[in-house]
Each structure stands twice: as structure tokens, then as C-alpha cells.
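Here it is, the structure in full.
The first chain written gets the first letter, and so on, giving A, B and C; residue counts start at 1 in each chain.
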Amino acid sequence: MAKTYAPTDLIANRRLYWIAAGLAVVMMAPVLWIIGLSIKDNAELMRGTQQVFSAPYTVVNYLNILKSSNVFGWFLNSLIVALGQTVGVLILSSLAGYAFARLEFPFRRTLFVIVLFGLAVPEQVVIIARHQMFNWFGLHNTHIALILPGLSSAFGVFLMAQFFRAIPRDIDEAALLDNTPPFRIFWRVLMPLTLPAQATLGIFTFLLAWNDYWWPLISATKKEMFTLTIGIASSQTNFAQSEGLGFLSAQAVFAALPIVVVYIFFQRHIVTAVSGGAVK
Amino acid sequence: MAESYRRSSWKNMLFVAPYLTAFVTLLVFPLLWGMWLSLNKVDLFSGAKFVGLKNYARVLADPVFAQAVKNTALFVAVSVPSLVALGLFLALALNKTTRGSAFLRGLFFSSSILSVTIVTLIWRVVFIPGDGLLAVLFEAMGWTPIGFLSTKGWSLFSVGVATVWWCLGLPMMLFLAALQQIPADLYEAAALDNASKWRVLTRVTLPSIRSTIMMVAVIQIVMQFQLFGQAQLMTNGGPAGSSRPIVMYIYETSFVRWEIGMGAAASEILFAIILVAAMVQYWLSTRKEEA
Amino acid sequence: MSAAIEIQSVTKRYGALTVLDDISLTITPGEFVVFLGPSGCGKSTLLRMIAGLEAVDAGEIHLGGRRIDTLAPGQRGVAMVFQSYALYPHMTVAKNMAFGLENIGLEAAEITRRVTEAARVLEIDHLLDRKPAKLSGGQRQRVAIGRAIVKEPMAFLFDEPLSNLDAALRGRTRLELAQLHQRLGATMIFVTHDQVEAMTLADRIVIMNGRKIEQIGTPMDIYHRPKTRFVAEFVGSPAMSMLPVAAVTAESVEIAGLGRIAAQLPGLSGFDAAGAVLGVRAEDAHVLPADQSGLPFTISVVERLGDRTLLYGRLGTVCDLVVEDTGRSTAVAGQTVSVGFNPAALHLFDAAGRACDGLGG
């Protein structure tokens, strides 16, 4: 029987799709491998990692993580730092984005261009000087030190300015005719309309802060101030010797879990943040 | 003259003041201070001493730095085209509204949300000799095992594999977003014009997203020049510095050997290299457009 | 609650571009005034200047005897209905109406009273707890009007409020607006580019074009006694036809290249016919019976509207003309007929586009 012509055929291609599906399997193989290792007993793995393919499986490695105080403390540090940075970025970016999008003040355009140039500065160029600055104030090995540098990111300002620009000016004007003072227009009328944007920027900032490596590596040098990312890195250095492959793998899975959960729930926002900001 | 509600006012600056404070103290000042540091001899105990461009001379004369530049350039030259090509391929394959492609899109992007330490941990248990996934596979196939992380050439390659695996999601998503901006009637017009799939791809799709391809390439060049964590955690730059990237050189100089001035100089050089590379890429693609 | 609006020599510039030039206008209390003009004529800008959304570069605006162009928008005592309605998307209908009253610290009981009353009048009581996204276009319109009513302003400003409604709803809302004006007796200014809205709603129409006011008058004034060629051509559908004039006397006009037609032009003297045109509305031109002679008219398109028929064609070889015929017209395209004109309803304009006194009826 002849197949009815389907217009989408011109764009999509079934063969490409199946190749992509095959790639997905290759892509997931390492992940399945590490999950497999994480549910095997360390002693058994010493005899060879082929043991992964046969029972018995165990959760003993995960129980050991919960028992070791380090990982839990690191988790808490990561949470404090990521949440702190997220709240800070949301407040600063919303205020600045609103002002750049809606208010008139001296040097508005010049300042916005300068802030946009900030997007182009790689972390490497500022990190040494930052390290010195925080040293002057004795801030290293504090949560504040881990939170602050992220607040200078221009991305949020840029994103929020775009979102505020997308709100019709009529709404502000109606509020003006309704006798609304400036801050109340921002807070009561426009802010509620940017909630989707706040969610997008918030989750994106949270992920970046949670995964940050370079800065916490040099700022948090005391073991109890490690973030989860740095903590996991520190246990990698004595790789496969003291703690065993199974325990190490369980650590990786455990550290990935919160972020994977965030991803599953907020996938749409994360994708908007990474693609929306760039394509417009 | 009457006042307008949109009048310019210093008071409105209060809204940007908090961010600008953070911007100036944590970005602008460190940027300038970093430049100043690069002109000074600074170490942990004594203060700064102005030495002019001596730090730059020392960095440029350092064979370790030269090797790091070579490694990084090679890494960028291979990883960026791979990322762009794979990302574009996946976007074209998965630009559909079906559940299956939505799931695969989510899967391919999922690795990007992991931290570098988790990514490297995953790939180390793949690459380690004897116990790694590849070692097990090679043994099952009866092939000679390769020391992926400890052999010259293979080590940087392994870092590259982990990097492509980690970073693939962003190019794919950016390409997908661009593909969705192409108006459907362009394809309808092409269909009425009897265009083959290949011609539709090369004459409609690719030209429509040319600026995105260019943007993705620049973003990836800027990002991959900053390779650090993967190399440090997987190979620690080895063997014999054959996988040490520039940022790792900066890290070791500043925070292991505490030659802060020299590290700052190296970071300024890296900044310059990134800017030049991004500009060259931009120039090349715009020149092609005119031809 | 209604007040006079006085606009005195108001000018508006955007950089080097002047969009309104020395505009003066007085609106009496309770009057319904429509600003009518093509897009870009500055009518919305003038309205927004009254509201305080645009700065006044020169001149003054007074409302109820008080100078308002120096005040913030919220303090002027005006309410505005926007083209897009501009409802607050995250607030319920009740909250949308109450928001402005809360801002001025009105007591809760009074707010509730006004909101309930306005909702009752506009028949939106059952929608008070809904958010704007859950309303139809017509309902949003009513909420926007309600938000204006509860403020009990001295003047209402409408910025093309009907243009987002479909044709049927627009007609109904037009009637309701007229009723609302009668009931409230408030001063209202209404901006539109739709002449039907202007004709049906206005006590007086202000026709604007190219930075200036062309004419101010009642709808019938504007239609029957256009002061300029622009007004004559802008108002009325189909547009008035313009015939080139060769010479003029008190009893007749000579159409260039065609001949004389009768016209009542009392008191006309010393008129310079160079560049002048004679305006004829379709209803003032008619097909003559076969035994009467007039000017030759070649029909190119016949538009049958049921109650009447419009004939589009050329007068001789000189100019385009539209002629109205009865609904039972037998005219066909390609036919050449004789046409005559109502001598009492012709409009003579000089080369500068000004209407000549003593014309029209």
C-alpha cells in the first residue's frame, strides 16, 4: 500500500534518528558502568571488575557514604553556597535588569555595554587577583567567599533585561495612571510577571554554583569547607587505593543525584536558560 | 518645561547600584589588578615588586608553557570541530516533536549538568588499566590493552573524549533552538519546488542557521581553551606534561609554586590567545559569507 | 465629575522631528471628543500627553481649571483605556480595578463599593475572581473600562480601545460606550482612525493630519462642510472624487477638458481657479436618464451593495469618479453613461486645499 505523503519528512529523517539512538546507548554506557560498580562490594571488585555483570549486588557503599561525615558536610556546604548565590544573583539581576530595560538614568547605555563586555571576561584572568583580594580580608574558607564571585556574573542581568523588555510598556503606563510609586511598579506589577524568568535564571545559577570547580578549589582549602565537587575531587587523588572502586563510584552517583533530580524536574527551564539567552 | 514620567534620574541608579558594586569589585577591579600583578614579582611572603614585562618574558621562555600552549591548541583544534559536528548532527536528527526524540534530547543534554569531578570520575573508571570498562572490553575482544591515561598521545585524547561527552549538550540545544526558528513555510516552499532532502539541508537548513554555527564555534573555542578540571583530575597533565593545558599551567604556577606574578602574566596571555582565536574564527566565517 | 480640558499651544518634538506643532483645543465639560486621523498624525501622542505618558515640550494643558502637564500621570485625575487594555495579568479582575484605589489609600469599604458598582454597571460581576487570561476580548475590554470608572476621574481617555475587537463586538461596544457616556456625563476623549467610530460617538470630532488640527466640528459639520481637501477626502466612504477645475462663476464650474456643470456658489468673487478642484461625493452624483445630457462617464467597476450600487469609472478621459446609483441599477462595466451632479452639494477647494466659502449645503 502506498504511504500517504507526510510533509514533515522533508525536515526529519528516520535514519538519522536511529543513529542518534545508537549514540545514546554509547553515551550512557559509562554511566551504567559506574552505577554497576557502585552496587558491588569493594573486595569483590578487587578480583576484577567483570564481577559487575553478575550478582550479588549491595548498597553497602551508599551506607558507608552516609556514615562518613565528610560527604554529608560537603553536601551541606554545596547547598548553602548554591542557594546563597542563586538568591543573590536573582535579586541583583532583577533590579539591574529592570533598570536597564525600563528606567532612564545617566550613562544607562554605556553602563549596559560595559556590563555586556563582562560576559567576555574568562574566569582565569580574574581568579588570581580575586584570590589575593579575598586573602586581604581573610575571607578564604568561608561560605561568603564561595558565594560572592558568582554575583558579578553579567549573564543574569542580560537575561533579566531581556525578559523585562518583553513585557508590554502599556502595563507600566497603566500602573502609572493608577498612581503606583516606582518601586511598587517594579515589585507588585512587573516582578510577578517575570516569575518564569526567575525560575530559569535561578536554576541555571544554582547548577553553575553547585558545579563550580576552579574557585572553590583555591578558596576552600580546609577539608570541612569543601563543596561536594571539591570533596569528590579530593578523594579521587588517592584513586582506587584506600577506599576502593565501589565506594568511589557510589560517591560519584551520590553527588550526581541531587543535580539529576533538579534536572529532571526543571529540564525546561535549564534548556531555556542555555538556549534562550543565546539565540534571541 | 513639563516633566515626563520617563525622565532620567540619578535616583533610578539605585536599582543598578547593588549589581554594579559586585561587578566593579569582583570583576572590573580583579581584571585590572590582575594586569598589575602580571607586571610584578609577587610571592607568598614578600610584597610585590615591579618588574615590568619580565614575567611575560619568563612565561614565554618556559618550555613547560610552550608545551601547554601546544597541547591546548591541539585539544581545541580537535574537540571544537567534533562538538560542532556532533551537536549539529544530533540537532538535525532530533528536531522532532515525538516523545522519543524529546527523551533523547534530554539524555544527550543530561551530561552537561554534571560537575567536572563527576565526569572525570566516570571516565576514569572507564579508562583505568585492568579494571576500566574499556580494559574489560579489550580483554573480552582479545585486543592488546592500552594505557589510555598514561600513554603519550592517548592521555590528551582521553581527556578530549570525556570533554566531548560532557559538553555535547549545549551545542545541540543551541542548534535545536536555531532550527526551530526556521519558518515552516520555507520547507513547504522547498517541497513544492521539488527539492531533495540533501538540497533542503544544504540550501535551506544550513544557510538559515549559519550564524548559530558560527556562534557555537566561538563559544566552544572560548570554553575549550579554558580546559582545566578534566586534565587535572584525569591525567594530572601527564605523562611528561603531554596533556597539561594552559589553565593548569596557570594554576600550578600561581597556587602550587605561588609565583603569582608569573601566573597572572600567563593568564593575560591566555586571555589574548582566546580573544585572537575567537576573532580569527569570526573573521574567517564572515569572509566566507562575502565570497 | 466632569471637567473642561484646555490644551494651549502644545508642541511635541522627538529630537529634530516635530510631531505636534502648536496645538490648541478646548473641550467643554461632559463632551465626547474624538481625535480622528491617519496613523502617525500625532493623535495618540496628544492623548498620551494629556495622560502624562509623554512630556510636553511647549505649551500647557489644563483640566478642570488646574494645570496638569506638570503633574505625574497618576495625579492628573484622568483614567485611560489602552488599546491593548493593559490589564495586570497576575491580578484578578477585582484586584485590577482596586489596585489604583489601594495606591491612593482609599478605605477598603469604599473600594469594594466602587468595584461592585462598576462591575454591576458593566455586567462583569460574575468575572470578578478571574484573571485576565481567562477572559474573552470583549470581557477584557469591559474590565479595562471598569478600571477607569472606579477611579471616578475628571476625564476618560480612550486610545483606540475598539481596534482589538471583532467587527460584531466592535459595533455593540460602540453603542455601549455611547450609553456609558450619557449615563456618566463625563468628559471623554477617544482616539481612533476609524471614521465610523468617530461619526457615531463624537459630540465633536478633531481631525488631525501632519502635526496640525485640520478641522474641529460636529460629525455633520465635518461631513457636509469639510474645511480642507484633506478632511473631505479622509471622511466618507467611498472617498470624495476630485474633479479638476478650469474656471468658476457663481452659478457654474467648468471642469477642465469637459465642460460646465451647474453649481450654487453664492458670494464667490475673485476666486483663483488655478489648481482648484471640485469635490463630489458619490451620493451627489447620479446617472442621468437617456434623454438628458450631462458629462460622459465610462464605468469600469460595478459594486452592488444591495440598497445602492457604486459605479467606479472615469469622467471623460479626465479623472476618476464614483457615482451612486439605486440598488436596482442595470449598469454594467464598459458602458458609457451621462452623469449629473447635485449643484447644492459640491465642494470647491483652492490650490492650497482650502474650502471656499459659500459652498455646500
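Everything that follows uses one rule, which is that a residue touches a chain if its C-beta (ideal position, glycine included) is under 8 Å from a C-beta of that chain, and two chains touch if they have at least 3 such contacts.
Owing to the predicted nature of the structure, the values given are computational and were not obtained by experimental measurement.
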| item | value |
| --- | --- |
| Closest chain to global C-alpha mean, per-chain Cα centroids | A |
| Chain at maximum distance from chain B, centres defined as averaged CA atoms | C |
| Highest-count interface - the chain pair sharing the most C-beta contacts | A-B |
| Chain A and chain C: spacing of chain centres that average the CA atoms, whole Å | 57 |
| Centroid distance [mean C-alpha coordinates] between chain B and chain A, Å | 16 |
| Averaged-CA centre spacing for the pair chain C and chain B, given as whole angstrom | 61 |
| Residue list for chain C, restricted to those that touch at least two other chains | 52-53, 72-73 |
| Numbers and ranges of chain A residues touching at least 2 other chains | 176 |
| Shared-contact residues (touching 2 or more other chains) in chain B | 5-7 |
| In the complex with chain B, residue positions of chain A that touch it | 7-13, 16-17, 19-21, 23-24, 27-31, 33-34, 37, 45, 48-50, 91-93, 95-96, 98-100, 103-106, 108, 111, 115, 118, 120-133, 148-149, 151-152, 154, 157, 176, 182, 186, 207, 210-214, 218, 228-230, 232-233, 236, 239-240, 245, 248-249, 251-252, 255-256, 259-260, 262-263, 267, 270-271, 274-276, 278-279 |
| Contact footprint of chain C on chain A as seen in their complex | 168, 170-171, 173-181, 184, 189, 192-193 |
| Partner chain A, residues of chain B touching it in the complex | 5-13, 15-16, 18-20, 22-23, 25-31, 33-34, 37, 89-90, 92-96, 100-101, 104, 106-111, 113-118, 120-126, 128, 131-133, 136, 165, 169-170, 173-174, 176-178, 181, 187-188, 190-191, 195, 197, 200, 205, 212, 215, 219, 222, 225-226, 228-229, 233, 247, 250-251, 254-255, 260, 263-264, 267-268, 270-271, 274-275 |
| Touching residues on chain C, where the partner in the complex is chain A | 51-53, 72-75, 78-80, 82-90, 99-100, 103-104, 147, 151 |
